[in-house]
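Okay, structure first, notes after.
The letters A, B, C and D name the chains in turn, as written, and every chain counts its residues from 1.
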């Protein structure tokens, strides 16, 4: 399936990427994170198990075991700090 | 119900006046303004830039307001959050809640702020003498939001 | 610190702007406006008149604000209470509290309102279709004020 | 001793009096209330034991056992209802 992935704030800067379209053969947000970690470098570092980040699917924050529907808009970002 | 994300400054007086205009059933309006400070984590902040997730931000704020309306009998709610570059002293966020009585207006206003701090996709980047830094999420904000799930 | 008892309307926006003017250390301003409603105790209210105890009123309000300042680290407080004849929809009271963080600003603002309701010598007389009536003190206001002595 | 007594709100209306100066030979606020009750009529009625009212001495709310200093400004009024 195809996913649109968005990155924000510190992660956007570290990855040097705001948005990409990705072929994805896994099922859950955790599978996607593993696929991105496998890129190594800043990806492995910033998405490592101990690191804190949030995943939103179609603009709702989800847990890592959430399933990803085809054509989902997935966003990966640090904990929010507005207000 | 008004929810806005904008670069421009907002006007607390005008927003609260708009809430009460032509109405005689409101007994209480609790409001909150959050401002950019010149100091954070012990060092000077010359400016900050607020990034957000367009689309999700508006949805997340609407969800917070809906949740507040389901918990308390509210007469009106306004939430405005600024994005872009802000200087110390600049207002960042406004939440105003109108109700019949003060208890529900205060509670809902604080609830919306606590949830906004942990649920709405905004990120602050500060400019300091040591360069730029992303603001880290605070455990105290998670604790503040968690209060509302215990009750 | 500003405490005023007046006949005239007040301007929430102007009061909050005055609090933050020229400052960059304020992170949070919580404010409250109480308004005259067209309905109380199940019947229509055409107007109300607020009587007070000149001299004691100002002292009682100053004491509430001092007490709030001793409980929380506040940067500024404004309390304005109107007296005289007011119509439904008219603002009656304004409390605004500035602090570094929102928790203390919200708490102090609500504390001042709760204590004002039971400690400051104001009395409301309502004009209804059945004639004039003095508003009776509410047990819920005593309960709200008592919360702060339990903690 | 001499006291200046002020009445507010419903009590001011019921007594038809906003202020008076009184010779007082008692010691406490409770003694003053008893002296006023002894006037009978609206005084006895509105200051009866079961009725709720507040007493302030020199602009501070006090309990009924508070002593009254000479030349005190004493105010008697219903529970407050501002805000």
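Criterion: a residue touches a chain if its C-beta (ideal position, glycine included) is under 8 Å from a C-beta of that chain, and two chains touch if they have at least 3 such contacts.
The structure displayed is predicted, hence computed values, not measured ones.
Among the remaining chains, none touches subunit C as well as subunit D.
Path length between subunit B and subunit D in the touching-chain graph (shortest route): 2.
In whole angstrom, the spacing between the mean C-alpha positions of subunit B and subunit C is 23.
Spacing of subunit A relative to subunit C, judged by their CA centroids, is 48 angstrom. In terms of their C-alpha centroids, the spacing between subunit A and subunit D amounts to 72 Å.
Contact with two or more other chains is made by no residue of subunit A. Touching two or more other chains at once are residues 34, 113 of subunit C.
Residues of subunit D touching subunit C in their complex: 6, 8-10, 52, 56, 59-61, 75, 77-83.
Taken in their complex, subunit B has these residues touching subunit C: 11-14, 16-17, 20, 22-39, 88-89, 91, 100, 102-103, 105-106, 109-110, 113, 144.
The part of subunit C that touches subunit D in the complex is made up of residues 34, 50-53, 55-56, 59-60, 81, 92-93, 113, 116-125, 134-138.
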